Structure formats: C-alpha cells, structure tokens
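Presented below are the structures under discussion, each in the form of structure tokens.
Across the two complexes that follow, subunit A remains constant while its partner is subunit B and subsequently subunit C.
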Partner chain A sequence: MLFNSIEYAFFLPIVFCLYWFVTNKNLSLQNAFIVGASYFFYGMWDWRFLSLIVFSTMVDYTIGNLLHHYKNNNIRKALLWVSILVNLGFLGVFKYYNFFVDSFVDAFSLFGTKPNVSTLKILLPVGISFYTFQTLSYTIDVYRNKLTPTKNFIAFAAFVSFFPQLVAGPIERATNLLPQFLKSRKFEHAQAVDGLRQILWGLVKKVVVADNCAHYVNIIFNNSADYNGSTLLLGAILFGFQIYCDFSGYSDIAIGTARLFGFKLMQNFAFPYFSRDIAEFWRRWHISLSTWFRDYLYIPLGGSRGSNFLKVRNVFIIFLVSGFWHGANWTFIVWGFLNALYFLPLLLLQKNRTNVSTVVAQNNWLPTGKEAIQMIITFSLVSLAWVYFRAENLLHANDILAEIGSASLFSIPQVLPRLVLVIVIVFVLIEWFGRRNQYAIESIEQVLKARPLRWAFYFLLIFFIQSLAGNQQEFIYFQF
Partner chain B sequence: MKEFLKKIVLFFFPIIFIFCGAEYILRHIPNDYSSKNNYLKQNGNEIEILILGSSHAYRGINPSYFDCTTFNAAYVSQTIDYDYFIFKKFEKELTSLETIVLTISPFTLYNQLQDGTESWRVKNYSIYYQVPKKIESHLDFELTSMRSKVNFKRFYSYYLLKRTPNLSQENGFKTFSLPQLSQNEFVKSAREASERHNYKTLKRKKQNQNYINNIVQYGKKNGIDIVFVFPPVSEDYYSLIQENQKTETRSFIGGLVKSNDHLYSVDLTTNEMFQRDHFQNADHLNKKGAEKLSSYLNEKICVN
Partner chain C sequence: MKPFLSKAIFFALILSAIFMFLGRFANGKTDAFYLRFTTPKQKNLILGTSKAAQGIQPAILQNYFEEPFSNYAFNLNHSPWGEVYYKSIQKKHSKQNNGVHILAIDGWSLSNWQIGELSGANREDEGPLSGFHFVDQHPNYYYLLQYTTFLDILNPPRHNINLHEDGWLEIYDIPLDSVSVTQRTTKKVSTYSGMANTATLSTSRSLFLLKTINYLKQYGEVFLVRLPVSEQLYSIEQESFPEFESMIQSSIQASDGYLDLSKMNSELNYSDGNHLTPSLVYLSHKKSPIGF
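What follows is the complex of A and B.
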C-alpha cells in the first residue's frame, strides 16, 4: 500500500478512528492493533514476506532478553552474533545473493573459466533493509547495556513493524521508539494538526515535485545516448530533486502519520541541498541511516580517532557500506566511493565539523556570496554522484558523465520541461524560507495567522497535488 | 479530539464534495467505452460476428462491410485479457453469436494493458465495463487516473463548448481522420510501434495463452467459430518485430487451428493485397485499407 494511494486514504482514517476510539482504553490492545494494522499494511504488498518480519521480531525479542539474562561475555557475544547473522543473513539472501553470484562468475570469466553457479529468482521483500537495521539496533543497544530489553512482546512487535516507517524508514532506534510503545499515548490536538500538515507537505513533495521530475528523468536517462551534455546535466539535477522529494516526502508522510498516533519519529532530512560542504550534506541527508552507520559501524571502527590511515579507512568503509546498503549493484558502490572521496579532504583538513550547529544564513534572508558558492559546489558534487545512483550500470553512468564533460554541455538542452522547472524553483524557495524548521511549512501558523488563510493555503496545496500530479511512481527507496 | 474531528470534517467535506461532483460529471461525458458497453448490453442478442482485439482490429475491420450483423468490440491498446473479459461479460447477451473474429497481433501473446505506458486506460474498463480492477485503485477514478489538464479540457469541450466527443461509429468501428504520413514519419512510426510491441518479458505469455484457450473452449462448447486474423501490417514494421515472437505466435495459433475444427486462421500480415496507400501508419490500416480487409473477411466469413 502506497502512502499516495486511494487505499491509504481509506486505511489511515479507519485505523486512526479504531486506534483512538476503540482500542484506546487498553495499551496492550492498542499496541496489538498497531501490529495488526501494520501487518495488514505490509501484507498488501506480499503476505508471504510477513513471515520474515515475524521471524525477525521473535529472534530479536528472544535474543534481547537472553542478553539481559546472561552475564557471561562470551555467551552475550555469541547471542549478538546470532542476531546479526540472522538479520544480515536474510538481507544477504534476499538482496545480495544474485549480486555475489554474478560478480563471482564475472571475476572467474576474466580468467577464461565460467563456473556454473545459478542465480535465484528472488523477489526483494519491501523494506527489508529498513526493518532489519531497526531490529539490529535493538539487540546491539541491549548488548551494549544502553537499553533494557522489553518483556512486552506485543510492544516489541509494534516497534519492529510500526507501519508509518516500516518500509522506508526513518530507521528508528529502539531507545527512541520502543519506550513510546510502553507508555500510554494521549491525543494531542496540536501534534495531530502538525502531523496532518507534514503529511500534506510530504504528498506535495512526492506527487508534485518527485513524480513530475521522474517523468523527464526517465526520458533522459533511458535515452541518454540521444542527448547532449546540457540535457544530461539537467537530467542529473532533476534526479537530485526527484530522489530528495521522493524520499524526504515519504519520511514526512511517515513522521506525520506517526504524530497522528501520538508518536514522535526522528527527523530524516534537514534541507540537505542547502549544505555548505559534503560533511554537512551527510548530516542532513537520510539522517536515520547516516547516524545508524555512525553509531554502529564508524565509531566501533575507531571513528575519526587514530592515525590518518585509520581515519581514511573508516571513511571509505562507511561510505562503501552505505552505497552497498542501497542496492546490490556496482553503481551504488561507486556512488559511495565518490562520496567518500568528496568527504576526505574535509576530514584530513579537519574541516568536516565546520557547519554543525547552524543552518545556512541562520539569521538572514539570503546567503552570503561565499555560502551561495559553497552550496552550489556541494549540490553539483552531489548531483554528479547521483548519476551513478540512477544509471543502469557503470558504463551507462560513465557515458553520461563523459557527455556532461564534453563541449555539448554548452549547447541548448534538447529537453526543456518548463513546468517542472517552475515547480522545482517554487519548491526550492518554499524550502529555503522554511529551512529552520523540521519541514518547510511547519511554521505556517506564524506566517498565516488567520485560519481561513491557512486553510486556503492547504486547499491550494491539495489543488496542486490533484492538478499537477505526475504519473504515479513507486517510492524509490522501496527497492532498498 | 472532538475539536480535531470537527475540523477534519469541515476541512475535508468540500474536498470530498468537489471530488465526487467532478467524478460524476466526468463519467457522464460520452465515450467509446461506455457506448460500446451499452451497445453490447442492448443489442448483444443480435450480434452474429463479434470482433475483438486492439487498434489493429478497431481501425482495420469495419462491420459496415459485413453481410451479417457484426460489432467491433476492439479498441486502442486493448489486450487479450480485456478481450476475454468483455466477451465473458456479455456471453449471456450474445445469443445469436456465430463467429468471433480475434485479431492476433505480434504482441497478443505477450502484453497486457496494465503493464505498458497505456496502463491508464485500465480505468475505462473498470469504470465503464465494470471489469474487476487489476492494479492500483487510482485507476478506478477518472479524476485520479488522468492529468487534470486533460480532464479539464474534456469538461470544457463537452459542457461549456457543447461539443460532442468524436466517438466510434455505432458498430464500434472508427477510422483515422489524420493526413497521410510522409515516408520518414511512416518509418518512424514503424520503429516506435515495434519498440512498444516487441516483448520485454514473458511473464504474461502463459496467462494470455490461457485467455485464448478459454475463448477457444467456449467456442467449441457453444458451436461458435473462431477466426484468428493476423492483421495486415507494413513490412517496415514487421521486419522490426523479434523473430521468435513472430514464430511463437504463429506456431501457437497454428497448433490450435490444427487440432480444432471450429478454428480458422487468416494470415494477412504482410500480404501483397495491402500496399502503402492502405496504411495510415506502419501498423494500422486507413479507411481504404479497412474497407479492403473488411470486404475480404466478409467474403471469407459471411459469404462462404
């Protein structure tokens, strides 16, 4: 079930009403209802893969409690490894098996032999990378004694399967989300209104911006050989907006939906295209995944401590793993590698934490010339890396980048989607004025104080969603 | 909570009202799907020959040239699954049916409407033929399946300018009202059509074969002849269709015809009867071509 589908428009209000009016008297019942609704939500894609979620839930619930029970370090370590192997095992089989087999065969064929290893026709379960990482964070935190495991299986199952963020995040930490399932929720009017507003903004991002960009991105990338450098660059830029609005739009809808049910999820995007350097970009892009890798991989590896060699090694590991997390394709690995390269100079010059605490032009309407140039450079670097993310294979990406680097970059684009460019420009302006918030229109109540004005604004957004809707596309991050 | 719900109702009421009103208004604009559905409902008992298929049949077989009562239920991008659904839906009404003309195009065994770029047309079958929907719910509504610009143009043209949409003839046929293509455009149309029609996946093949088998079985049980027509297409187009696709299709239909007495096959794919001036584009006949094909089929089916 997609967030931007008719089914969801029926599903959400029904679940909301049953949640607050029927099951609200009893916390366990309410949590059980969330589990049921979430399984239904997920089962609409494929009921068979529900068994994976149930199994993963049971394994991590049991291991969490055993970790608490045993004090012996060796046993605890073994238990942790069981959890890691089970979760990553699922991921490995469903997501990476064919990749490894193909790469193995390719590697051998370089030496003139072709081993007879067959690939499997495996469907990728939607959201497997997201809920796997979420449950892993639970066992690792319990192992590290940062979290006391819960004895409440229903609450734990609700934590793993919570439908707003089940298939594409934000990847929540058990320390943040699980306690929210263990205490009763109270309906808060302001929070619910804010949630609805964030859902609306997420829909605008997805349906109006991302899906319209997708139309031209598909045309340009699918026929890249026919286009000149400027058109391909335009395609790369539009893809940058497509993927941002697609994924952050999903996150907005997820966070907004959770708020309707009294939950607070973490912010997943913080206006990444207004970043002044690549390090800031990575603090603002897919925050739940970046921080996951930081906490559970980068820091255990030593982080930015130790020799330069270790620092560089850790940076490359984290970016390559992050690329690989996105998909079993060399294009994602090269994308990760490129980002590591971008990050490296900042790390070595110790400038990777320059822009940590403030947003760009914190107290001004407009950025300074220097900030504007920094943002443009960062955006350009990111956009070029996106070419690898979107391309079919490395050859395809290299061809596109070669054409972008040729003299044809200075010719007139062969595709000029005027309406989409207007949409993108208006969108960037709204995001710019809302960049100090969690999402762009969060503080609309301070700008439009009178309710009729605010409602008119919301009606206008709904009108745009209906009238400017592009062809319905699946959320890009579902494939991860 | 009460305050919240009150606001929600107040906020969404006008949206739902406008949505339902607009949907109602759009559904009442005459269109080919509703008129074909109505014709079959009201006159199904008189039809002796039923034509099914895609635009190759819709634009190529004109029932006016038939001596028997014939109806063309084919349509643009209609695939075999929808041919089957339409036929099944009206099987009780089709009491005089003697022959089904089923056009077999190069994509018949491989494509389904829901998979291609024309998938938005699925809404027409779910709304106007009440065929059970196969994909997303947004294709259950005019408003959500089409761009607003298109819907607004339809609304403006029909309700404000009082223009009647250019529909098919009552017998279900419609020819092109476009100028002839230049040679370059013709070749381009061959390339574009073949790109659409060359299969990318075999995932629908078995299902599509089953649909054809079901129609064949129904014909056998009820004494209805089935004529498979491989419609005329230009060499420019046909040469770009994958060889195995052509061979597999011919062999599947050939196999059926061989083992069933009530089945016939008419293969006019690149027949010399049809020259360049019979074609509107690389894979569709024009008015003149449709006249020729229809007269030919009439000779084969109604006269002999």
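What follows is the complex of A and C.
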C-alpha cells in the first residue's frame, strides 16, 4: 500500500493503537506485532515475495550468530561471503539477470551473431535493493566486531522488516536501529507530534510537488522529439524536483511514522539542492545509501588514501556501482559515471570537504552572490545528469541533451506549467527557510507559537494536498 | 499519550467534518464518473464505453419501458469488457428480476493495444472500477478521497460535461460547426489509427462479455447494440478487427437480440467522429426499432 493511500490512512492508526495499548506491556510481543504488521504491509504489495524477506532474515540471523561463535578467520570470512552471495544473489537474479542477458546478446550481435539466450519474466520484488543492503550491513558489522549479534530472532526480524522503511529506505544500520528493538520504547508526546508533522510535510512533497511535476515531466520526456531545448531543460529541472520530492517525501513519511512508534531513523536528505558543490550534494542526497557505499565499499577499497590512480579508481567504482544499484539500465551507469566526473576534480584538488559542517548562508537570510552561483552551478550539473536517470535509454538521453545544447535552448518553452512552477517556487522558499532543520517545517512551533495558528497551517497544507494532488504516481524509488 | 490522542482525534474530527461537508457539494460536474457511484444498485443497466455513456440516454428508454434505467458505461480505458467491469457490474446490479440490460459492443472494447496488455496486465486494472467496492454510496466519500480533489468539488475543472444522476454523460457547449467537428474527428482518427497498430481482439475480453451476458440473463433480458460511428472510424475498426463479427457470435446467441446500428453510420452526426452529437441521441432512438 502506498503511504499516500486511504488504506495506509486506516492501517497506521490501527497499528499505532494496537502497538501502544495492547502490546506495550511486553517487548517481545510488541516486536512480534511489528513483524506481523510489517509483513502485512509488505504482503499488500505482493505476498509472494514475503518468502524472500523471511529467508533473508533467517540466513543473516544465523550467519550473524555463527560469526560470533567461530573465531577462525577463514570460517568467518566464508560465512560473510555466504551472506553477501545470498543477499546480492537475490538482487542479481531479480534485478539484473535480464540486463546482463540483453547486454550479452547486444555485445555478441556486434560480431554478427545473436546467441539465443532467454530472459526471465521476473517481477522485481518491491524494496529488494533496500532491505538486502540493510541486512548486509548487519552481517558486515558483526564480522568487523562492531556489533554483537542478537540472539533475539523476533527483534532481528523486526529490524529487517520494519514497515516504515522496508520498501524505500532509509537504509538503516544495524548499529542504529537494532538496539532500538532490544529496549522498551516509551511514548513521547513531542516526538509523536513531530512525527505527524514530518509525515504531513512528506505528503506535501510527494502529492503536491512530485506528482504535479511528474505530469509535465512525462509529457516532455515521452514526446521529447517534439520539444525544443528550453522545454527539455525545463523537463530536466522539473524531474529534479520530482525525484527529490518523491524520494525525500517518502523518507519523511517513513521517518515520521517511525517516530510515532518511538523509533529514530536516520536523516536521508539534507536539502541537497542548496549544495555549493557536488561533494556537498553527495553528502546531502540519499545519505543512507551514500554512507553505506562509503563505509562498506569505498573505505575498504582505500577511500581517498593512496595514489591519485587509486583515488580515481575508487571514486569511479563507487559512483558506477551506485548508478547500477538504481537500475538495470546503461542510463543509470552513465548517470553514475557523470557524477564521478563531477566529483573527481574536487577530490584531486582536495576541495571535496570545504562545506562539511555548515549550511549555506548559515547565519543569514539570503546567500551571498558567490553562494548563489555555486548553488546554481551545482544544481545545473545535477539536473543535466538527471536526464540520463529519467531517459528510456542512452540514445534518448543523448538526443535530449543535444537539443538542450542547441540554439533552441534560447527559444520560449513550448510547455509552460504555470501552476507547477508556482508550486515549485513556493516549495523552494519553504525549504530554504527551513534548511537548518531535519525537515523544512520542523521548527514551525517557533514561528507559529499559538496552537490555532499552527493548526490552521496544517489544515492549509492538507487542503493543498487534497486540492493540488497530481495524478497519483508511484514512488519512483519503488522500482529499485 | 492521552493529550496526544485527544488532540489528534479532535484534529481528525474537524478535518472529517470539513471533508464531509464539502463532499455533499460533489455533483455531475465534479468529474465524469462520480455520480454513477452514488445511486442505489440498479435493475436496468446500460453498459459499455464512452459511446454508450454519451450516446444512450436512460430517460429515453425509461419513456419506453416505463422503468428507470441507469447508464453504467464509462470509457474505453476504464470499462472495456473484462473481469474488472464484470465484477463492478455485479456490485452495481440490484439482483432484481425482469430487468432490461443494453450492452454496447465494438471491436475496441473487446481488444488490447497497450504495451502492458501484451504481457497480461489490463489497462483498466489501475482505474476506479478496479477493486472498487462502494458503488452505491451517497455521498461517495471513498471515491471523492481517492479520485477527486477539493478543487474538483469547489471549482470543477471542465465546464462542458454534466453527468446526470441516471448516468448519462452530457457534453454541452462545445462547438459543433463543421470545422471544429472535422478537427476533432481528425484527431480521433489519428488516435485510433495509432491504437490500430498494436490492437488485437482479446479472447479473454470476449469470454468476459459472455460471462456478463449470462450473469445478467439471470435477472432479465440482455440486448447487444453496436453503436454508430463515423465512416472513417468504422473502416479503421473493420480493418483492425476483421474477425469481430465471428468473435461475438456466441455472445449474440446468448443474448436476447443484437442491434447493429453501424448501418446508420453515414446518416448521423458526431461531435468527434466517435460520439453522437447530443441533439441526435434522441433521433437515433426514434429511428431505431425499439422492439429489438
């Protein structure tokens, strides 16, 4: 069920009441209830793939305890590889099998032969890219002795399947989330109110901004041959907002929902479009995934230590793998490649950590001229790369970029969605003024101190959600 | 917990009250489907796609049969013959005996052409009829929440449609001069020509048409009708589905009569080559032998 569906609007309060009023006296019962509710939630997508989650849970639970039991390094390494192969094996078969087969056939046909290899008619299990990485982080951390494996199977199953973040993240670390299942949760009023507020803001992003942008993005990209450069650029920019609001909106709803149940999930997006350079962008975009790759791939490869060759190699590996994680299509790989190209100069010139601890215009209302230019350049680079992310194939993306790069860029756009542009501008302003928070309207209580005013603001947001709802689009990242 | 719950419930109650109040203003201009889901279950049904939704006026049939009719036809994307429409009809039907049911059929409503349909999905699976249980609630808050917005209710987006309570979709205030009609027809021909490239008649849809007929026959009479369209669209349909007539034979035999009004294609006028102009809906009823 989608977060912005009527079914979820009934599911959430029922689960909330049962969680806090019926199962709260017993931690095991409460965790078991979370497992049941999460399996029900996932089963509403496709019950056939529940077996994958259960199997993955059982494998990694067992391997975690075996890793703790055995002290021999070779055995421990072998166990770790079993976990990696099982988890990535599922991912490989369900997500990448057909891609490899098709690419293999295409490569061979360049030599004049076309091997007869069948592709599989496989459905992609929702959320597989997320929960496999989540369970992998558990076994890797246990292997590294960063985490003691749990003997509490129910708590572990709840960690793997926790419904707010099961299908599209944030990809939680076992070191953060698992301990929360091993201790009693206490209801905190402020946390719950904050959670509801974050859910509301997530819905605004998803329903009002993302779905409305999606309508025009689809028109422009699906008929790109009919449009001039300025229209295609507009489409790319709108897609940038669509994917940001879609994904970060979902994360907000996930984090807000978790708060209602007394859990703290990690921040997944930190206003990435206000980044002053690409390195900062990648510290603020899909934080759970980028830090996962940093900790489990980039640093073990050597990170930014070593020779320039190693640095370049590691950066390309990370971004190409990240691109590939997003989908079984060469467009995602090229998208990753482009971002690697953007990132490398900063790394090699050692300018990739210049904006680490501050937010743009930290103590000011407005950015300086330099900061504004930096943000515009960063956003432009990111938007051009998004063309590959959205396009159907490389040819499609190249054609679009060629047209953007032509003189028709200076023509009047053929599609001018005024309402959507107003929505985007208002949204950017709200995000700008809330950029120092976890999410834009987190500190609304400091701005609107009186409760009637705050409630009026919430009603207004709900009115906008209901009035400006675009055609319902599935969360983009569900296809991953 | 108590303060949180009491505030949350109070907030939800205010929201619900606002929504329930606004919902009462939803009407035939809110969208092209809503009112069909607000009327009670029906004994006599008119079924099919938009040609039937716009082309068959229940009030005319009511004059003849002296019983109310309900037009439960939608459009080619939402109510082609198939499992979704079949189940929805079952929910809308009142199960009263001695009913009269008019089913509009044509090649398009029995075919698939979208890419997803080639691998088993149906184009109507994501539409409002699919899995929709509440087909007779007034106001129908579930439908309003799911498929409309506050603005649709307060400021309906399209001002030239009016869905009547009997389900007839009236299109008004559109230019019907020859230039406008030709432009719309040209666009329609282009659309259907594109669809024709991949369209194929579906055995599954044909089977569900038969199932629908057999189901409705338990409760009365069932008549099939092929509504007229412009000659251009008719020839596209004939070229695309040469086996249409043979495919519907079993359905014709199961029904109580089949009226092929395509013989009148060139005698009637259309707003876009596909839908009869409103002023001629009554005329076609007058011209066609009612006792079919």
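As a working rule, the second predicted complex is superposed on the first by the 480 of 480 C-alpha atoms of A that agree within 3 Å, B and C clash if a C-alpha of one lies under 4 Å from a C-alpha of the other, contacts with A are read in each partner's own complex, and residues count from 1 in each chain.
FYI, contacts are C-beta pairs under 8 Å (C-beta built on N, C-alpha and C of every residue); 3 or more make two chains touch, one makes a residue touch a chain.
Being a predicted model, the structure only gives us computed values, none of them experimental.
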item: Fit or clash - subunit C, subunit B, common subunit A; value: clash
item: Which of subunit B and subunit C A:Glu7 touches, first, second, both or neither; value: first
item: Subunit B versus subunit C as contact partner of A:Ser467, first or second or both or neither; value: both
item: Touched partner set for A:Phe187, first subunit B, second subunit C, both or neither; value: both
item: Which superposed partner A:Ile377 touches (first subunit B, second subunit C, both, neither); value: neither
item: First, second, both or neither for A:Trp20, with subunit B first and subunit C second; value: both
item: Subunit C-contacting residues of subunit A that also contact subunit B; value: 6, 20, 187, 189, 192-193, 455, 458-459, 462, 466-469
item: Of all residues in subunit C, those that touch subunit A in their complex; value: 1, 3-4, 8, 11, 14-15, 18-19, 119, 142, 145-146, 149-151
item: Subunit A-touching residues of subunit B, taken from the complex the two chains share; value: 1, 3-4, 7, 11, 14-15, 136-138, 140-141, 143-144, 147-149
item: Residues of subunit A touching subunit C in the complex; value: 6, 20, 121, 187, 189, 192-193, 196, 455, 458-459, 462-463, 466-469
item: Footprint of subunit B on subunit A - complex, ascending; value: 2, 5-7, 20, 187, 189, 192-193, 455, 458-459, 462, 466-469, 472
